[in-house]
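You will see two complexes here that share chain A, one where it goes with chain B and one where it goes with chain C.
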Partner chain A sequence: MRDKSIGNLVLDTVNYILLALIAAAMLFPFLYVFSVSFSSYKDFLQSDILLVPKTWVMDAYRFILSSPAFPRSLLVTVYVTILGTVVNLFFTSTFAYVLSRPVIGQRVMLFLVLFTMLFSAGMIPTYLVVKETGLLNTIWALILPVAIAPFNLIVMRQFFMGIPSEMNEAARIDGATELQTFWKIILPLSKPALAAFGLFYAVGHWNNYFSAILYLNDPAKWTVQVILRQIVIVNEPTSTLAGGAALMENAPPAETIQMAAILLSILPIILVYPFLQKHFAKGVMLGSVKG
Partner chain B sequence: MNKKKTLAVSLAAVMALTTAACSSSKPEGSAAPAPSGGGNAANKKFTVSMMSFAFGNLPPADGRGVKMINEKFNIDYKPTLVVQSDYIQKLSATIASGEVPDITVMEGADANFYKWAKQGAFLPLNDYIEKYPSFKLIPKDVLKAFTVNGKIYAIPRYYPINYQLTAMIRTDWLENLGLKMPTNYEELKQVALAFTKNDPDKNGKNDTYGIAMAQNINPNYAMGAYWDFTAWYHKNKDGQLIPGSISDAQKEKVAWMADLYKQGAITQDFAVMNWAQTNKEFYSGKAGIFIGTPRGMSEPYMQSLVEAVPNAKLAPVPPFVAPDGTQGFASTSGAYGMTMFSAKLAKEPEKIDRIMEMMDFGRKYYKPEEMNKSNPDFDWFKGNEGTGYKIVNGNIASEPAEKGLSPALYYPDGIAWAPNDEANGYSKTYSTPLLVNVAQQFEKLHKETKHYFNPVNSVFSETKQSKDSDLNKMLYDEQTKMIVGQRPLSDWDKMVKDYMDKGGAQIIKEVNDAMKEAGVEGRWKEPGQ
Partner chain C sequence: MAADLYPSSPAPSAASQTRFQKLRKRLHKDRALLLLALPGILYFLIYKYLPMFGLVIAFNDYSPFQGFFGSEWVGLGQFRKIFSDTEVLRVIWNTLFISFLQIVFAFPIPIVLALMLNAVRNQLYKRIIQTVVYLPHFLSWVVVIGICVLFLKSEGLINEILKSIGLPAIPFLTDPAYFKPLIVGQVIWKETGWGTIIFLAALAGVNPNLYEAAVMDGANRWRQTWHITLPSIRSTIIILLILRLGSVLDSGFEQIWLMLNPFNKDTGNVLDTFVYFKGIEQSDYSFATAVGLFKGVVGLILVMGANYLAKRFGEEGVY
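For the complex of A and B:
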């Protein structure tokens, strides 16, 4: 008995140490980004690695916030994320609800959804669709083409199917229409699902940069990820002929500025995370067990 | 069984539907962007679309600069600037959608350029080259790189043809150790080792080393065209030119680097270090040898070196005498960036004239002393003194791009085509004294040195376009392994054979054939040419 608990104690200690080490490894990049962003460029150049800034300076932040581009792009991103998530949830939940009810043509609809999961159009066909529908250079181009994620739709349908059909029947007896049933009975029961998928969608919108680059021509409409990419990533030039030249002249901004930009662009979504964490965890189990 | 059947049927139905949709939408798409031509007067306003890549913060689509361009050239200018990192994808999508912008800018003549040129997306420019002063200045050899089947499809953007990136050394360290400027690789090795072992900064700590290097053996420290990785200088036994990357001279250089690496005189983590990190090695005062050039040096980097080592001194390393008696660097391609015009413009000659006039204006050359408001054209182009730019200590300080104040920001090609490299006066554009000084030394060095005209820059090879970057990556990787000692140097011939088998032989054949056809060959240019 006693032996076992000593064994347990040792095991626990080892476990905790290991987990603490892993956690430290995860935290290290954040700490590094944080410290570099508050350091002076000179300190950064002079030291091998910075875990705590030698002198605390706000130069990098002042530089980023001195031009309207970054704050504006943050606002655009918040706007796209909120609007996009509302659109996502509306279309996904309504469609999923229809698919969870015994309606005519359900199999065909479901097949069409599954089809897009297996075969998706490439960049250029999608671009043509966006262009012909007149969405080019509007922020709707970031929202409508991804209004429904098929995987989320199917999981949400599964969730709706888990709600006993007696609920619907009871509502019907009390005189509710289909719409009222959905709005007043089903949706309130599905709050955890909505929160989880809302977060999935929101993170997707927040991190999305490629459609913004592809579909938006006006820098005033750019999202923060585009600006961030512009600040942090400078590709090796495609032509090797004068490649060296481009490398010299278009050196990316100082690392302190890069790190500050990274921090500013993840901050809002990190602040949202803790509040939605519990729903996220619940969301993982959605549809896994049928009630 | 039954399920499978339904699936197959509905799949077929979906396929049929999508193909039908595709084919029916096609003619519509190509008919839509036809502009309403037919105006006659010379003062007709044209809408001109432009697509280009850019670095850093971008100007707004409707800035003051655009309005100035619209007024001056009587056009409705629609520039689209895209982040450089994803530009090619966006351009591909735009061109595939059938809307080739009136003006298209690319970084270099890559496979896409040749594909689109052959498909007839761009306007042949042969008739316009002689008409505009800044186009006339482009050397014939440079234009050849943008010629497909005898037709010139692009106007190259200026890059100084002789200002290669070459080695630069901390002369204060040389003085501290009582060493001379190296004149061959053996002496350079001794210097690099002394920088590593003999405490050149006299701080009593073993915290310095010789040569800063980044991944892909960059810079490749070619102390002359003979050793240049990218120059086609050496010939094989059949008399064909071969790339420097597989030459015996490169093999010797790799052996030289391997030796230095083993003794700690080259950046130890170079295989995984990017360009910015390697710059940090040199400009923080850790490494003593790096590269420099008159144009495009970074002021913040140099300032950080001055702060770290207030009495730092720098000088370029002159080219070494090669075993074949030559002495001089390889020249560059003479262009970085290129501008194409939509083939659809052929129907509107007046619009072409208007666009070319605008294009030519941006490439106009100004003497350094004219670069202020005394020259109205320059003043206009930079957005007027006091608004678009300021003169600080005799240098031009432009307002941030995102304010969009000057026409230059929106130009497809806003780099003056200078009559020769020196005429640019690049050294005068810096403000850090150390940087001004070393840039002047580089200018003097290049002015007095012969340069090898690298013929591969003037020809096109299909296989080279499609395979060169992969093959080069392979060569970089294998040679990196040899430098760090993971692979013996005796494997060199095996590596070259691998290169040949994977497409290198075909590239060499195509490039040599193309050179014969275009009548270009490698040659030494006299100093100053």
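For the complex of A and C:
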């Protein structure tokens, strides 16, 4: 039905070119960071814009991965991400399931959940509660205070409500308790949804910077994002990586270390991105449906 | 410590005896579900509602040694301090100004990008572009600002290019004049692609017959966009704009905190970062809590007002 006049052809071409330029603006920083991280310092200094390394050098990566601080922060972050995501999924799925059932006090509980999306006590009272519950300077401070994202809870509740109630009926007639129904029927049915929520929670943990800065002051527990800020934004690559130990000798130039550190920290995100992409459009749409 | 937060069962009186018994029966029947909900309920009570009781310190002069209720009561004293403190007024101004810039510059761009994507007929090309532009949303602020710093510092890529063509270097990171544009620019880079999703969904719902009719009437692509596409996503735009107005006091805490340095603190400090510096770094818990509470209450009023407005516009509202 669309007419193919010259005007439309020009419009289409301009549109395609503009979109390609926008995409390039998103990709260029990654390409540049990638190629500098693998380049020798000489090549880096000599060329203005480096998009492909002239000679491939792994010094920066070797230096970062053999330092005491960075691998330790990777381990801490992997630990927090896995443990935190398990806690997120357990807390969110159990509560979301109960809220999807005709349970006593459902309206009150829903109101209390929704209210926290509109008003929160703020940083200081939350900080004091974390302190009083003894979580300060433990990695649980990065996990328990964010155990449930109210938005995810509501979306997951919507999802559970979409499961036909005949499932519950059938299970009850077969003599299953509510807990058995949840564990043996509802959860297995929800595997794809759990995977999607798990991915989003995991990315949140991996990228979280502020909780670590707020609640942890022991450098041994610093997460990747904290280390990364010290290396790149504060511009102290070698002393941060040495982590209090004597400065390592033969450090590669700061720029290549900084670029390599950025790439290492986004590698897990890039790896899960295809799976994320499969889910997120659906997730955003689910969330926009009124509860 | 969470146990005493539980709503205790209502005391039985003669009149409510049957209601009480009914309640007990209901509780007994739902005990498995309530057990399942226990972790979630405890989470909300301890980490969302307990801090709300902690707000009491906004009304006293809290010292950790005297405790939440033992500290000297000062009533609204902390709040009076908010409006006589020129630093706070400056911080409120910064917050509103940055939000204003975000709404004027960062809000419309996803709409334009969504329209551009919607006009692409080659599905593969569209998918590739979408894959690329969604990616920055999943990067942390540390990474985004880290890349920004590497590009813009005095010996970074941009300044090296400027110098090589004989122009003077620009002190992007230390000159306060660049702070707010950089903040907005980073948000545009990171969130534009992600922001298109909701508009693309709205665009997918437009009835194709409308376009056919328009072509029959001789409307070109611009006129189709103006008279069909934009009116069909108008309600989505209005809802999102109103919601955005409801959160003008949130101006991206982590991002701004990471971008602040001694040179730009005057133009860059916003309410959230102010609360952090006062409360956590200077341990002025009561004043910081009062500023936070002020922000929370105004934010609540704004969101409720925005929702009311949305309904007045004939939209469904969000809450």
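One rule holds in what follows: the second predicted complex is superposed on the first by the 227 of 291 C-alpha atoms of A that agree within 3 Å, B and C clash if a C-alpha of one lies under 4 Å from a C-alpha of the other, contacts with A are read in each partner's own complex, and residues count from 1 in each chain.
In this text, a contact is a pair of C-beta atoms (placed from the backbone, for glycine too) under 8 Å apart; a residue touches a chain by one contact, two chains touch by 3 or more.
None of these values were measured; they are calculated from a predicted model.
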item: Which superposed partner A:T177 touches (first chain B, second chain C, both, neither); value: second
item: Touched partner set for A:E255, first chain B, second chain C, both or neither; value: both
item: Partner chain in contact with A:L112 - chain B first, chain C second, else both or neither; value: both
item: Which of chain B and chain C A:N217 touches, first, second, both or neither; value: first
item: Partner chain in contact with A:A69 - chain B first, chain C second, else both or neither; value: first
item: First (chain B), second (chain C), both or neither touched by A:L27; value: second
item: First, second, both or neither for A:Y97, with chain B first and chain C second; value: second
item: Which partner reaches more residues of chain A (counting touched residues only), chain B or chain C; value: C
item: Chain B versus chain C as contact partner of A:K42, first or second or both or neither; value: first
item: Which superposed partner A:L128 touches (first chain B, second chain C, both, neither); value: both
item: Overlapping contact positions on chain A, where the chain C interface meets the chain B interface; value: 112, 123-124, 127-128, 210, 214, 229, 233, 235, 255
item: Chain A-facing residues of chain B, complex; value: 7, 10-11, 14, 25, 28-29, 55-61, 80-86, 88-90, 92-94, 96-97, 106-110, 145, 159, 164-165, 218-219, 230, 275-276, 279-280, 283-284, 293, 295-298, 300-301, 304, 307-308, 332-333, 335-336, 400, 402, 457, 468-469, 472
item: Chain C-facing residues of chain A, complex; value: 1-3, 5, 7-8, 11-12, 15-16, 18-20, 22-23, 25-27, 29, 32-33, 48-49, 90-92, 94-99, 101, 103-104, 109, 112-114, 116, 118-130, 133, 144-145, 147-148, 153, 177-179, 182, 203, 206-210, 214, 225, 228-229, 232-233, 235, 255, 258-259, 262, 265-266, 269, 273, 276-277, 280-281, 284-285, 288, 290
item: Residues of chain C that touch chain A when the two form their complex; value: 1, 23, 26-27, 30, 32-37, 39-41, 43-44, 46-52, 54-55, 57, 113, 116-117, 119-121, 125, 128-129, 131-136, 138-143, 145-147, 149-151, 153, 157, 160-161, 164, 189, 193, 197-198, 201, 211-212, 215, 220-221, 253-254, 257-258, 272, 275-276, 279-280, 285, 288-289, 292-293, 295-297, 299-300, 303-304, 316, 318-319
item: For the chain A and chain B complex, residues of the former touching the latter; value: 41-42, 45-46, 67-69, 108, 111-112, 115, 123-124, 127-128, 131-132, 210, 213-214, 217-220, 226-227, 229-231, 233-235, 237-242, 244-255
